[in-house]
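Following this line, the structures themselves.
Next, two complexes with chain A in common: one pairs it with chain B, the other with chain C.
For the complex of A and B:
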């Protein structure tokens, strides 16, 4: 036998089961009599559920009413959303003074704009943008939210934040319009492109210093009214606690994980002990410890407010969980990567920062975001120790006289809110995974 | 095969300057004695091929020279610097000694160009533009400049290994160590990597190559070392080594692989 087929076989189009909706339906839903019955039955169950929810939540629901009684007067079988709508401000902002709510919204918008360049492909200097958010935003936002007199330190940090924000925005616009970083653009427009590095640097420092001076003068001309933390609440408080938790759990976790894998025995034992203690205790216990036991160990007259204590507890607890996630990611990196890094002369921090962490973090994105989602949801536990976060606010509705006993609707509303936030996070993590693994299929 | 043919086609440029000196070096993995009283001197420009059965300690030997493994007894002196606990010395040695691995060990999250410029920029503190220029020069030399913006995962094994060689060269090392550089490659890719190594040998680089490619050994080696069970059993010129092996263990090994 020699040649089996002398001519090429032409390609044919795929069978109907692979190419059309009808084919798909037949293959996946109605492939046998039993499967057809199952399909019809399941569809019916889904119909019943969706229909029930629709009638209760929309068709028979009351959206406008003054009291719960009025809702009942309207319909007995529908939801009473009027109560939730009436309390919407409380759910979002707690007992924050109504005329000051703009500060919270403004802080949120500021953060969104500050972070936006991270998602704009053409904007330059993303690492600096990220760093500036972490270094400056907390102070600016902290002052916006709590207000009062600015100490010298706060004045400096707020001025820094204003300058950083302005540079960041200018940089994003420069990136979008001219595809250049703001530094290049400024140097170019001053005709200093070919000047020595040192001249350029001095010029930039001078410009930033002038900007800082202007920002300092401007910010000292206004203050915002003091709002005590006990008035913070609702979704705002939940986001503050979990936001700080998320922003610090990852760096904390990385440090703890590196400590646990360190060759230095003291560091290793301390990190391991710290991680294991916090991981073996439920968050609620840690919260109670932080708010009731912690002050006992502090010197007389040293009073930390409860919110700060809670935030410290949340951060430590989650850093320990994150440490284990990071450690798992580090362990998945083959030994050859360390050796490759060593042979080009990179030391410990160079190896970790440039070679190991970037790869490990990429593998860990699903787990990290999973932890973040868990953190956000766990934050609702603070309602147990008397902070009026979103869950606290939702449950207060049923104690408000006009809406006495209204439990179901607020909690469902809260569930929907949480779902939206968590689902968005999860979707974003998926997007990040795909984006970061581009061209990197090993 | 006549001696003239076996003798390397390459003119060797061995100087009297000693690059690597190993004295009575011993290494254990736990209680297992991997390297036993190793003595080895390598001169500048010398090209040495190390062969031997698996588990004989060849890889461990060159990993010790690069300080990737610690040795417990004896001295290793590389370019006048004694390897020991001094971490600063270690980092210095590693920048002077390039190493190419069986599994390439390229950084998968970086492009080829970034793989090549990372060391020069972060360790040698070279300006980025200069580092890119050097990297492109070496990519030309290993004949894959057009792949500069790809990721390692998008290349064939042979190409990855050539990039790994270029990455080491970008640090302008004085010594290059190769740990079975062709063992993980498909047969048709072995040649392109060996050709690159022959080119490198022609530049007068000091090289120690652990390999089973005996043809390659005949072409470039100034001397061939045979290791077995942690001992250097025989060290000889390639023509002698292959034509007239002295030790019985060498004869047995050669009869199995040739």
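For the complex of A and C:
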């Protein structure tokens, strides 16, 4: 008696409710009478919204016109995107001289190239890339954006930036082609692989020095026209303020957080006081204090740069928020990690830099990026104190006589821009999280 | 116009207390401006007619022209100018603490501001007044017919207080519908959210011109308040006050004498009117007391034109104008029945 079937029963196809669209619909949207009503109702609402937006924003909208009156001539109810299009330069670059806009674009492209190795898995030396961007790029960009005469320090930093950029690019290419760092590649191709470390190092320093000299001579011939900061504006200004804020809030926050957890009483009290004072007042108050009250304490006729004051205020404010985020990360590290670090003989900085901080920051990535996104959006407050950042520009369109009263379209355009930027940041943070926590998903 | 908030008064008073002494003893504002190489002139966030940005990022408007006139009087070139856009909360503080050299914006000349904030108002360049906008088909022809009406108004301004006062005085029972932003206020009105809008007549005229069908709306003749919009400087430097005041008078006087941007060269060379020759610096020494070059007024007119031309360009019917008729208004020349009057320049 054969109770074992000799042949394998063929797999039955999935039930119709699982495999067909109809089945999916039935299961997910029309599983009961109530759900069916809800589905129909929601679909109708979605249809109304999408259709309304489509008619207002596209079908009836005007894209080419000289004035808002012309838009009205086309349609009384449609959107008038022509005003936004007419103002695009203002929205992106502010009052920056139109023939100098290439400098901003060039600065942006330069930054993109500089940072690109961070995204290339095969490139070596990512820490150096990040460090060189933070140390050198601000000077190069600062000169590019504001122009004018450059002092000796500025010249040195610009030359440094050129060299750093060149090395970075070479390193990235070497990484892509040979999977080697540029240092190894140069040494290898010069046939010095077996020489003593010191010789190799001296050779490299000599190479960099020659490059630096060449860069110095090259950049000293550059001349770009001076553009005062009062002409900066639009999305460019927003990104400058928030970029500097983001780049310095994290290091500032780490220092403050360590200070607050320090065993040295003076340091701890100072850090705590600083954090609490700045966290307890609204950003707009800090901005008003920086721009309106600060000049009172300065000597008569003191030349003020409102932009610098605003940036300092934004940096300090966000460093304090970041400090608490970092501290939260530090609290989460179990005591065993500290003890383990001590066991293998690490001191304070070794423990913090090699063991504790990397773990703490990794845990805090969502919070840190959340703060960054908040910072980006907070910088629109500067439009209240008279800087024409992107929000200031968007709101000014409705006051320009040809586009009088045009206020909805610019704000919607601004919302879309902000969404793109913030969503990209959020996506990148997710990517970073996944990458860093590969292997310990819990 | 905008209510002087408590904050503004307090900070401005604090400024006066702390810097009043040093301002008087320091070098003159004219010297500071000349040394710096450009004039810092304060306006507000863009406001149609008075100061706006165009799509190229340049400032234009009635008050901007006044700034340019003063810059031209000092430097002979209206480009030596930095326009500072300051929020209305910080406007008097920014003037009093030395950030701005002068203020030319929609600031109403009131006694409190003139006497208590450490600033001096100099000369009115626009006479405004609060009024009502209604739909023509509503049948309302006078503000007295607004009984029980819902009126849209922007909040935090004297406009709102004036409306409440007006309603109480005349027992109208008007209910205020307040907004932060006047674009939203106008949208609400257009969508039937209120029966009338109240605001300064000049800015409402501009706003109406941006409505889908401007002809459907009208401004009622009633005027609730006096709003003389004047330029101001820091208290304590009379020479600087004179320069700004007489730069504005030069604009008005030029119109009265028939000097325009186009004919100013001809007038200077060929005119036989001693008033014209004196003003343009062809004879006499009018500028001595101001500490400026003798052709200061010529430079002003050459740079920005006379008051009538500026009005037509930005307030009137020029391509960048918001379309307010001048004839018959307070802003006409005194010879045409208005209030624009300059003391004689001799």
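As a working rule, the second predicted complex is superposed on the first by the 406 of 442 C-alpha atoms of A that agree within 3 Å, B and C clash if a C-alpha of one lies under 4 Å from a C-alpha of the other, contacts with A are read in each partner's own complex, and residues count from 1 in each chain.
Note that in this section a residue touches a chain if its C-beta (ideal position, glycine included) is under 8 Å from a C-beta of that chain, and two chains touch if they have at least 3 such contacts.
What you see is a predicted model; the values in this text were computed from it and never measured.
J.: For the three-chain model obtained by superposing on chain A, do chain B and chain C clash or fit?
T.: fit
J.: Going by the contact rule set out at the top, does A:29 touch chain B (first), chain C (second), both, or neither?
T.: neither
J.: Tell me which touches more residues of chain A here: chain C or chain B.
T.: Of the two chains, more chain A residues are contacted by C.
J.: Now for A:359: first (chain B), second (chain C), both, or neither, which partner does it touch?
T.: In the superposition, A:359 contacts chain B only.
J.: Once both structures sit on chain A, report the angle chain B, chain A, chain C from C-alpha centres, rounded to the nearest 10 degrees.
T.: If I round to tens, I get 140 degrees.
J.: Per the contact definition in the header, classify A:296: touching chain B only (first), chain C only (second), both, or neither.
T.: Second partner only, chain C.
J.: Once the structures are superposed on A, label A:336 by its partner contacts, choosing first (chain B), second (chain C), both or neither.
T.: first
J.: What does the superposition give for the shortest Cα distance from chain B to chain C, in Å?
T.: Between chain B and chain C, the shortest C-alpha distance works out to 50 Å.
J.: Indicate the residue numbers of chain A shared between its chain B interface and its chain C interface, in ascending order.
T.: Shared contact residues on chain A: none.
J.: Flag every residue of chain B that touches chain A in the complex, lowest number first.
T.: 66, 68, 87, 91-92, 94-95, 97-99, 101, 103, 105-109, 118-119, 122-124, 150-154, 167-168, 171
J.: Show which residues of chain A lie in contact with chain B when the two form their complex.
T.: Those residues of chain A that touch chain B are 336-337, 339-347, 350, 354-355, 358-359, 362, 439-442.
J.: Per the contact definition, I'd like the list of chain C residues that touch chain A in the complex.
T.: 11, 14-15, 18-19, 22-23, 26-27, 32, 45-49, 52-58, 82, 84-87, 89-90, 93-94, 97-99, 181, 183-184, 186, 206-207, 209-213, 320-322
J.: Spell out the residues on chain A that touch chain C in their complex, using ranges where they run on.
T.: On the chain A side, the touching residues are 68, 72, 76, 86-87, 89-90, 94-96, 98, 228, 230-231, 233, 288, 291-293, 295-296, 300-301, 304, 384-386, 388, 392-393, 395-396, 398-402, 404-407.
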